[in-house]
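The two complexes that follow have chain A in common; it is paired with chain B in the first and with chain C in the second.
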Partner chain A sequence: MNGRTITHAQLAALVADLVAAGTAVTAPARAADGRLDYRPVTRLEDAVLGDGLPRLSLKALFLPPTEPLFAFRLSGSDVAIDSVPTSFPPHVVLGAVPCDAAGVQALDKVMGWDYRDELWFGRREATTIVSVGCSSRDETCFCGATGGGPTATRGADLLLVPLEGGFAVEIVTSKGEALVTAHEERFGPAPNEADVARSRAALAGSRVEPVAPLAPVTTWLAEHFEDPLWADVALRCHGCGACASVCPTCHCFDIVDEPEGVTHGTRRRNWDTCQAGRFTLHASGHNPRADQHARFRQRLMHKFSIYPARFGELLCTGCGRCSRACPGGMDLPEVLRTIAERAATAGGAA
Partner chain B sequence: MQVVIGWEEGPRGVRPAFVTDPASARGLVFDERCTQNLVPYLSPRRTHVARLGRPAVVVKGCDARAVAGLVRETQLKREDVVVIGVRCGGVVADPTSLEALSPATVSDRCPGCTAREPHLADHVVGEMPPPPPAGSRRDARIAELEKMEPAARWAFWQEELGRCVRCHACREACPMCFCERCVADKTQPQWVESSPHPRGNFAWHVTRALHQAGRCIDCGECERACPVDIPLGLLNRKLAQVASEQFGHVPTDDPAVPSPVGAFKKDDPQEFIL
Partner chain C sequence: MNLYEPYLARVTDLVDETPDTRTLRLAFQEPELARTFDFKAGQFGEYTAFGAGECTFCIASSPTRQGYIECSFKTVGKATTALRSLNVGDTMGFRGPYGNHFPLGKMEGSSLVFIAGGIGLAPVRSVIWNALDLRDRFRDVTIVYGARSVSDLVYKRELAEWAARPDVTLRQTVDPGGETPGWTGDVGLVPAIVEKAAPSAADAYAIVCGPPVMIKYTLPVLTKLGFAADRIYTTLENRMKCGIGKCGRCNIGPVYVCKDGPVFTAEEMAKLPQEF
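Showing the complex of A and B:
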């Protein structure tokens, strides 16, 4: 293993060093109401590492719920555009949950596809993601079925695996290595491999994923855009979009122009969701997704069929936030199991 | 009836059920975990549910006030729905919780409930359970907020509303937010900015709270739906207190009683008119 160690005391010192050098540090931390959010921290004791999913996923740091794209103002008889910066100061995320880090990496594909999203990649390049092994899995998570796991490194630059008195530090990317090199004095020697293996096994536990690997689901979806299943499966869905808000990979946005006076204003992009009826409402009044089950189907198709077909990977990391957030009691693992059963009985045939 | 909307055991606690086959009716449950208000599924906007046919809905006494609200505001004809009432001893705040009903787990709306016997029902089932645990944490919190200096109260709401991402889950889960076109979705003119910045978030939440004043039936679905845990019940409850103090209005399951915004009375208080 390409690894080092760090004690709790040295990790605290590292956070202090980073803050002193002007690097913003974001970590899961308690909000005023006691719940976890990714929040700016200035000292390690405010960070909650490896003990629960923040309410909103890590995507919010790279695609904020609202952000200005540019400002516009009347200048004589013309319109002047004031651009926004697309480079960002250095930033370290400490204690990302592995399913969130994986989500950010999955989104790199679409953000750099037909158009390179300068704001997304500006933040990505400025940010070093330090994941920490996850011990908070419950019956709604299924990271294992999406290729992840409690100590998966996808999307992480460094991964911390808990050890007695501190962490093993797995160096995943050159950006992670650069952070270690720049703060060499904070890190200890390579860990004892047996201790790391024990810690990883403890985090993995004896758990059985609530969903089997998803390749048959992807195959079935591609062939069943029209299916009686859709009218049944989404009845309890309110179309509220809470699932998309908390999702580490839902990335649709709306673009609005907001006047801030007679002569000037801002163009912004704001989170949007395919679960809202207005998302596909045409100016004519026609809505190609008139029903909630068509909208629910869209979300499932995008994650498990369309994105894999275009980019070769799932648009879901199995974090389970959607099931926990749903006021209607929709449960994604259950829906995926239902589809997997149909795929098995039909032999994958239409 | 073509569909009975009730509760069933789900993968995590109880959840809404849509029974279209009488043989499946034995899967219906009612207990202290049946927190969800099922009346939003009667909204004309739920075309995917409406397609199932003529509905029966299972309601607690508090939920029956939502049926009354829809009838009062001409969204639903009383004869178009069969209402099955259940007698209620209170529900937990989180229907996926495995914890028993207690002062710590009870929903904010239950302590002191006066609607445990549903009146607006075609059938009422079950024995009356013991009353819910007493003591409203929410009313205590409202009293605390009222005692705060304005700057501190402002800071509290800035923190809470600052988390809003404007998904509008509060609206979609609400039985009384039935507008086909919400004022917040209008763009010409745009009365409420759709951006989740402080200006947009305050405009949205204040607008919604005012539109709910005297209409909110206090089912708590907005707060439960909120993915970032904004304590919307504090706003709604405060406005319900004002509606009660100023207009003598309390949420009711009698559709013939108008809401304060739906009726003009010559003796309405007018001291707020400058």
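Showing the complex of A and C:
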């Protein structure tokens, strides 16, 4: 392992150093009501490392639920545009759950193909993501099926693996290395490999068994846009979009003008969801996705067929938040299992 | 560069095509951009009425006419109502050009058959003028255009111009009941008039745009006339926000209309899921 170690005391000092230098630090932290979310922290004691999945993913740090794209001022026949910055101050995420870090990396593809979204990449470049090995498995997690796992490094710049009294630090990217180099005195020597291996094995014990092999699911989806399954599985979908809200990879957005009086205003980008009926509604009244099952199909297709076909990776990291959030009790792993069974049956028949 | 920031443009002309359809001509305010802006027929953009929002329209003017672009739109919602309220001299916004285009270069040396219904003439008009401005590069040019009624025909002055040209065959039609006492064109739905006009498919390309139902019934007629599916082009419209493959709104199955389209061949359309 390419790495270092860091004790809890050193990590606390590192957080203090960063905060003192004006670098924002975000970590999973509990609010007064006990809910765990990624929040700004100023000291290590407030961070909850490797012990629970934050309610919302890391997505909001890079694609805020609402953000200004620019402001405009109207004066007679003239308009002036006030730009928003596309470069951002340095930011460290400490204790990212591996499935959340993976989600951010998955989104780099859509944000960067052909047209480069500078608001996304401005934040990406300013941010160093330090993941921590995850031990917070529950029955809705399925990261293993999406290529992730409790110590997966996709999307992370550094990965912390718990050791007695601190962590082993795996350096994943040059950005991660730069953080270590800049704070050299806060890091210890390379860890004992056997200790790291033991810790990884313990975390892997919490590794979620793949819900289903996803390659056949992807193949099945590409061939079954029309299928009675859709109307059936989507019956419980209310179209509320809670799944998209909590999802680390759902990135659909709306663009709206918010006038403030008649002389000025702001154009904003807001989270949106393909689960909403008006998402695809044309001005003419025509709606290509008129039924909820067509909308549910779109979400599933986008994650497991469209995105892989276009960008070579799944648009799902198996965090399981959609299943936890759904008021209708829909369960993505259950749907994937159903599709995998059909794929297997179809394969057997052929 | 923030992708979502529009260019500023001034309205330099406006034409009411029908009681509810208007064409705006706009010129970019930044002189360097006004001089260098380029696009290809079939591409689209996001047009801003500041304070109301953006609308997705094709660029309805021809790339051969430089120094301005035009859009034609029906007033149906908040943003189109705001765009309609703009006067000559007012400022609007534009992002683009986005998407693919009609492969006019590939069509050089061939005959062109343009078929449009209603406001669907807007993207086709861009190609028509593009081809007519380079008239010697193409063989026969046939235009079949229809609308619900005479008052719903857009670009009336240009229709008169095309009708008067000896190097253009124009068939205009209105739906039964949509004719006026002085109407000299055809009466009937576009697919039927295409069948009657029977343009030769020999070394020809068809460019079709209009309401989905018109396209649906026109394609079999073209097939019957001998047009191969890869020589029939159309342009799809879907609701869009970003126009650049990010916002996730315009997908038809695996296709991003904003990036893979908006121009598709009938052959490509046949492979798409029926969700548009």
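The rule is simple: the second predicted complex is superposed on the first by the 341 of 350 C-alpha atoms of A that agree within 3 Å, B and C clash if a C-alpha of one lies under 4 Å from a C-alpha of the other, contacts with A are read in each partner's own complex, and residues count from 1 in each chain.
Operating definition for what follows: contacts are C-beta pairs under 8 Å (C-beta built on N, C-alpha and C of every residue); 3 or more make two chains touch, one makes a residue touch a chain.
All values reported here derive from a predicted model rather than from experimental measurement.
Visitor: For A:Phe121, is the partner it touches chain B (first), chain C (second), both, or none of the two (neither)?
Guide: Neither partner.
Visitor: In the overlaid three-chain picture, which partner chain does A:Asp254 touch, first (chain B) or second (chain C), both, or neither?
Guide: A:Asp254 contacts both chain B and chain C.
Visitor: Considering only touches as defined above, state whether A:Phe311 meets chain B (first), chain C (second), both or neither.
Guide: neither
Visitor: Once the structures are superposed on A, label A:Ser284 by its partner contacts, choosing first (chain B), second (chain C), both or neither.
Guide: second
Visitor: Thinking of the overlay built on chain A, is A:Glu139 touched by chain B (first), by chain C (second), by both, or by neither?
Guide: After superposing on A, A:Glu139 lies in contact with chain B but is clear of chain C.
Visitor: Once the structures are superposed on A, label A:Val246 by its partner contacts, choosing first (chain B), second (chain C), both or neither.
Guide: First partner only, chain B.
Visitor: Residue overlap on chain A between the chain B contact set and the chain C contact set?
Guide: 254, 256
Visitor: List the residues on chain A that touch chain C in their complex, please.
Guide: On the chain A side, the touching residues are 69-70, 72, 74, 77-79, 81, 83-84, 86, 110-111, 113-119, 222, 225-226, 251-257, 259, 262, 265, 267, 269, 272, 274, 279-284, 286, 288-289, 294, 298, 301-302, 305-306, 309-310.
Visitor: Quick check on the complex: what are the chain C residues that touch chain A?
Guide: Chain C residues touching chain A: 1-6, 8, 10, 50-54, 74, 76-77, 80, 87, 89-93, 212, 237-239, 241-242, 244-249, 251-254, 256, 259, 273-276.
Visitor: Across the complex, what residues on chain A touch chain B?
Guide: 31-33, 35, 37, 55-56, 65-66, 139-140, 231, 234-242, 244-246, 254, 256, 258, 268, 270-271, 273, 276-278, 290-293, 323-325, 327-329, 331, 333-334
Visitor: Can you list the residues on chain B that touch chain A in the complex?
Guide: 10-18, 36, 40-41, 45-49, 51-52, 95-96, 156, 159-160, 163, 165-169, 171-173, 185, 190, 193-197, 200, 221, 224-229, 231
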